[in-house]
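Shared chain: chain A. Partners: chain B in the first complex, chain C in the second.
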Partner chain A sequence: MALAAALELDEIERDALTELANIGVSRAAGNLRDMVGHQVLLSVPAVAVMTRDHAATLLAERASGGLVAVHQAFAGDFSGRVLLIFPESNSLELVRAVAGGDLPLEDIVDLEQEALAETGNIVLNGCLATIANVLQRTLKVSLPEVIRGSGPDFLELAGASEEEDVVLFLYINFSVNERDIRGYIAMLMDLSSLKSMRKVLQDFIERTIGQIPPVADVVP
Partner chain B sequence: MSCPETDKVEGLFDVIDAGLIVLDSDRRVRAWNEWMTVASGIAADRARGRFIEEIFPETSSSRLVTAVTEALDAGVSTVVSASLHGALLPLQTRTGRRLIHNLTIRPIAGEPPRCLVQVSDVTMAAEREKVLRDRQNARYDAVVDSAPDAILTVDAEGVIQLANPAAADELGYSSADLVGQPIGLIFADEGAWPPAWLKLLGGVPLKPPVELKARRKDGSVSFVEVSAARWRSEARIFVTAILRGVNARRAAEARLRELNENLERRVAERTADRDRMWRLSSDVMLVARPDGTISSTNPAWKDLLGWDEAALAGSPLREFVVPEDLAELEAAFAEMLRTGSRRLFEVGMRAQDGRTRLIAWNAIAVDGLVQAVGRDMTVERTAQTALLEAEEALRQSSKMEALGQLTGGIAHDFNNLLSGVIGAMDLLRMRIADRRYDSVERLANMASNSADRAAALTHRLLAFARRQPLDPRAVDINHLIRGLEDLLRRSLGEQVSLEISLAERVWPVLVDANQLENALLNLAINARDAMPHGGRLVIKTATEILERGERTDVAAGDYTIITIADSGVGMDREVLAKAFDPFFTTKPVGQGTGLGLSMIYGFMKQSNGQISIDSVPGKGTTVRLYLPRQHGAAPENVDNSRQATVTGGAGETVLVVEDDPSIRLLITEVLDELGYASFQAADGKAAVALLESNARLDMMVTDVGLPGMNGRQLADIAREHRPNLRILFLTGYAEHATARGEFLGPGMEMMTKPFAIADLARKIRQIIEMECA
Partner chain C sequence: MSYKVLIVDDSKLARMAIAKILAALRPDWTRIEAANPEEAVARFEENGADIALLDFNMPGRDGLALALELHDLKPEMPLALISANTQREIMTRTRQIGAAFLPKPLSQECLAEFLSSAEQQLRTSV
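Let's turn to the complex of A and B:
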């Protein structure tokens, strides 16, 4: 049950990851605020590590209609891809929130692709940059790409490694321009990447609180 | 950059059709390709070693700085699109236009890390898009923004993405407020919306439009007619709904509906009222066809005549009318249908029990039907008949009573007078038989007096009966009264003072002077009797013009009025009411005949005048005589002195025509006494024979009332033969004799029977002499 054990983040890890994610999205929110000119609130209330299948099921359950995602790939000490996912029905709201409410629908539709890409880019960059900074690791992150489809579509993208069967799942709330939008950030990586990430996470925790908690069942 | 590999591609750096900027780890420009030089106008050597924000100080480049920092620190890549940021950097195309560009900021792997900023020219695409968009928007705006109907475009989640100005107006929002609202909020009060929405999402258009309740921002309801359809934009589903406000139409409809309901109610009420009237009326009501067939009847028929509507409907109305009134019914129907006017007619209607009821119908033909309301007049008519009969009986009994009183009075007076005559004649006969002639003359005078009084009585009766032969002439009343003054004073006696007050001028009147004198004398004596203890009698004359309608009892016209006022006992209302009745008298038996006032009344009526009496008990009585003004001939002042002298004739011949032998004999005796010759004829036929003969005839004395041809006709024949023949008519009474002027031609005179011998002689003499003159 190595996989199950590997998937099991302990409480401190989860807290640390949640905190990291929140730092990241806060940074992104700041960037977004600079861009759109008014307050943007982003928060990550919870994180979880799960299998890809589980994540696909979860997305299918949570979203009845189509989904839209901003995709970026990353490589470095740990590699994989990250997706900002939200219901397609919310995407126009998000665009409108970002681009301003006065634009006609046609313009919003025209802008949707670029606006989603850029917005997602900011949010995802914020998270990844924060993680990289905090963990003092360097990642190489690709340019964003907007894709549409269902949850499983996103999780079985072409070129995905066989090994990428672990998903770090972050819930994310947008509050932009008095509109609340719920979404998810899914980081797909292989088990080794996860292990690497947990390792640097342990380093971070150690650095932060000055001691290594006894993690009996986490043996590299 | 001395690596041969790198040198190989060095040229590429400047020929690539994109802006490339390589930044060092300290964010200073390390490389700046030719494209950048052209687009920014800044040569590479001037850019190199500087921060981007230094090169483009006017650019708000925090986004770019952040992206560069993240790329260098964390290795992340960033896109900055022109569509969201406009032209981030101040770049120009080769023609000097603004260069629209996207930026990508990527880390360049290596140690120390570097960063690549790539600038892509999207001017062409952006412009093309703008043109397309503007064109599209222009079309779109023209339609949508100016549409009078609310247009909402909703995404698949039901969130409003577009609202035109009409929608904002209709729903009370601003356009910006509406966008982003769920459309379910608009149709929150409308149960028909959720199923319609589901159908729409399923691709079934909302057609034909359905009327829905829309909730305005203020919570009020607006009725809209909604048509909607789904459409796709790439992968997205939208629903565009057109909401047409139908409040005005609904209000009009509601108003119309209310009016209709009101009208129905009013019609119903009115109908109910009429129906009630129809049902509850005690009058019978009927609708019949022009041919008289009964269409409908009200329940009063059952109550009044006993007929059920079932028995009546479809039957001819004539079957219910008594046979003797059928002609009346048919005439009424014919008249109604011909003229369309209302007809009132009464016919007897047969009741079921066999009796007849008299119904007064008020009927009119309207819209080809005869509508009639009938009232039962049976009781009224019976009562009316009874009343008429009672009145007739009363009148008859009054007449008989009056006649009885009259005949009684006459008989009484005549008996008295006849007793005097008969008694005197009996005594006379006895004295003659005894050859005692000493008191013969006294007895003869006694008989004559009684007979004279009888003659006066009949005269008065005739006057009352207005059968008095009058001799009206134009009379000066003042003159007449002055001539009567002595006689009046003697009649009134010492105790009554007479005051005569004559108007300066009075109109002449046409009246029989002798009868007027009698009337005045009679009134004066009545007045005297009303003043047993003395008093004052005033006789006045005056003139008066009565306007039409001024008096009910006197016709309008000019009158000379004689007023006789006493200060006597007066009369109460009851006595006054009977004052003109014949033989009514307040005087003790034997003192009066009761014919005085009635005679004067008859005389005045016959003279086209009037008499009025005002009386107050204890104060006195005032009698006014109204005599109509005579226009024309001036009055001749009549000499009233009576001459008893009998004048002799000179051999003239007189034809006497009289059916009564004793009177004929009497007249011939008189003529003989007077010295005239005479022929006698008993009737007109015999008279004509004489008139046609050659015998001398100076005059004809004829009775008016002859058997066969009357006196007047005889006179006409006589004049044919002898145009100058003088004629004297004798008459007891004759209707045609009362208007002397019309009856008598020139050379004709009239005398009333009975007459004194002396009067007859004088009259004959006067006529013959007049003719001779």
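Let's turn to the complex of A and C:
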């Protein structure tokens, strides 16, 4: 774990990453809101460097039954995956909310795969595009893929080697007002990406705060 | 006229970003920072404030709930919510309580426009 310790983000880097995620997901929530027609409520993002196993446990803990995720990979100065995850039991309700209420169940079921992919595409792209714009970097985003299973299944998709056991894990809970829809957005990066991410974060921090204003006034 | 501005955001970086822009626009104004709504109310009660800039998504209560509380404490204080969350429910509630909505990341132009209207509002409320 020495490597992980060396790559542990400092306070301001962690803060910057959390704030970036917050901005990205807040914008994406606006897209989701327009699709489902109800307000989308968000939690404050949590960011941590942890083992892949621990991240998988966190994912599994959040739902008792099976999970559905829309997954997209991104690549650029740093690479990783974003997932829009919700309990499998919410899946049809989400499709119904997106597609409109009057469709018969069989049509909803037919539409499910496509509607999930499209919803994920809009939400996740909205989030990544905002983050890329704020960082002034270009990210290439793969096509959405709908996957079903449990937490650990989602984390094994990476193509990252087994020994890259430590990941940066970021997640935000969301729920849709007046609908039984909840889930979360997770972002995962492996160690090599975390190294490049730190450089990009440093540039962003410098650009954002520049010279710290000289007078301290009243600060916490 | 120099005013006291209360800046509330759970992100230190976001507070620093707001402070930087504010210092560029109004170098002689006083900044008061708080990292959450509870601390914001405590700072406000200790120091008072003329204008408040509030983040929306914070642990515990959100920025709108804080705006309502500050509005009750000092109805004439100009308030702005700063957020990337542009869902219409949030923007409508922001307008309903008479607060401004400034998109995040905050630009100098947006804050400048809000500060000018806040100054106007404060001058006429005296």
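Everything below uses one rule, namely that the second predicted complex is superposed on the first by the 153 of 220 C-alpha atoms of A that agree within 3 Å, B and C clash if a C-alpha of one lies under 4 Å from a C-alpha of the other, contacts with A are read in each partner's own complex, and residues count from 1 in each chain.
One rule holds in what follows: a contact is a pair of C-beta atoms (placed from the backbone, for glycine too) under 8 Å apart; a residue touches a chain by one contact, two chains touch by 3 or more.
Quantities reported herein were computed from a predicted structural model and do not represent experimental measurements.
*Asks:* Touching A:Ala60, do we find chain B (first), chain C (second), both, or neither?
*Replies:* Neither partner.
*Asks:* Is A:Ile108 touching the first partner chain B, the second partner chain C, both, or neither of them?
*Replies:* Only chain B is touched by A:Ile108; chain C is not.
*Asks:* Using the touch definition from the top, say if A:Ala46 reaches chain B (first), chain C (second), both or neither.
*Replies:* After superposition on chain A, A:Ala46 lies in contact with neither partner.
*Asks:* Classify the contacts of A:Ala132 with the two partner chains as first (chain B alone), second (chain C alone), both, or neither.
*Replies:* So A:Ala132 only meets chain B here.
*Asks:* Examine A:Ile205 and indicate which partner it touches, taking first as chain B and second as chain C; both and neither are also allowed.
*Replies:* It touches chain C, and chain B stays clear.
*Asks:* Contacts for A:Arg179 in the overlay, against chain B (first) and chain C (second): which applies, first, second, both or neither?
*Replies:* first
*Asks:* Check whether chain B or chain C contacts more residues of chain A in the superposed model.
*Replies:* Between chain B and chain C, B touches the greater number of residues in chain A.
*Asks:* Which partner chains sit in contact with A:Ser142 here, chain B, chain C, both or neither? Use first/second/both/neither.
*Replies:* Touch status of A:Ser142: first partner only.
*Asks:* Which chain A residues lie in the overlap of the chain B contact set and the chain C contact set?
*Replies:* 130
*Asks:* Could you pull out which chain A residues touch chain C in their complex?
*Replies:* For this pair, the touching residues of chain A are 11-12, 15-16, 18-19, 22-24, 26-27, 29-30, 33, 39-40, 42, 44, 130, 134, 177, 205, 208-213, 215, 217-220.
*Asks:* In their complex, what parts of chain B are in touch with chain A?
*Replies:* Answer in residue numbers: 62-63, 66-67, 70, 73-81, 83-85, 104, 106-107, 109, 113, 129, 133, 136-137, 140, 153, 155-157, 159, 161-162, 176, 179-180, 233-236.
*Asks:* Which positions of chain A touch chain B when the two form their complex?
*Replies:* Of all residues in chain A, those touching chain B are 31, 34-35, 65-66, 72, 74, 76, 88-90, 92-93, 96, 98-99, 101-102, 104-111, 114-115, 117-118, 121-122, 124-125, 128-130, 132-133, 138-144, 148, 179.
*Asks:* Under the definition above, what is the set of chain C residues touching chain A in their complex?
*Replies:* It comes out as residues 10-14, 16-17, 19-20, 22-23, 30-35, 39, 43, 47, 56-59, 83-90, 104-105.
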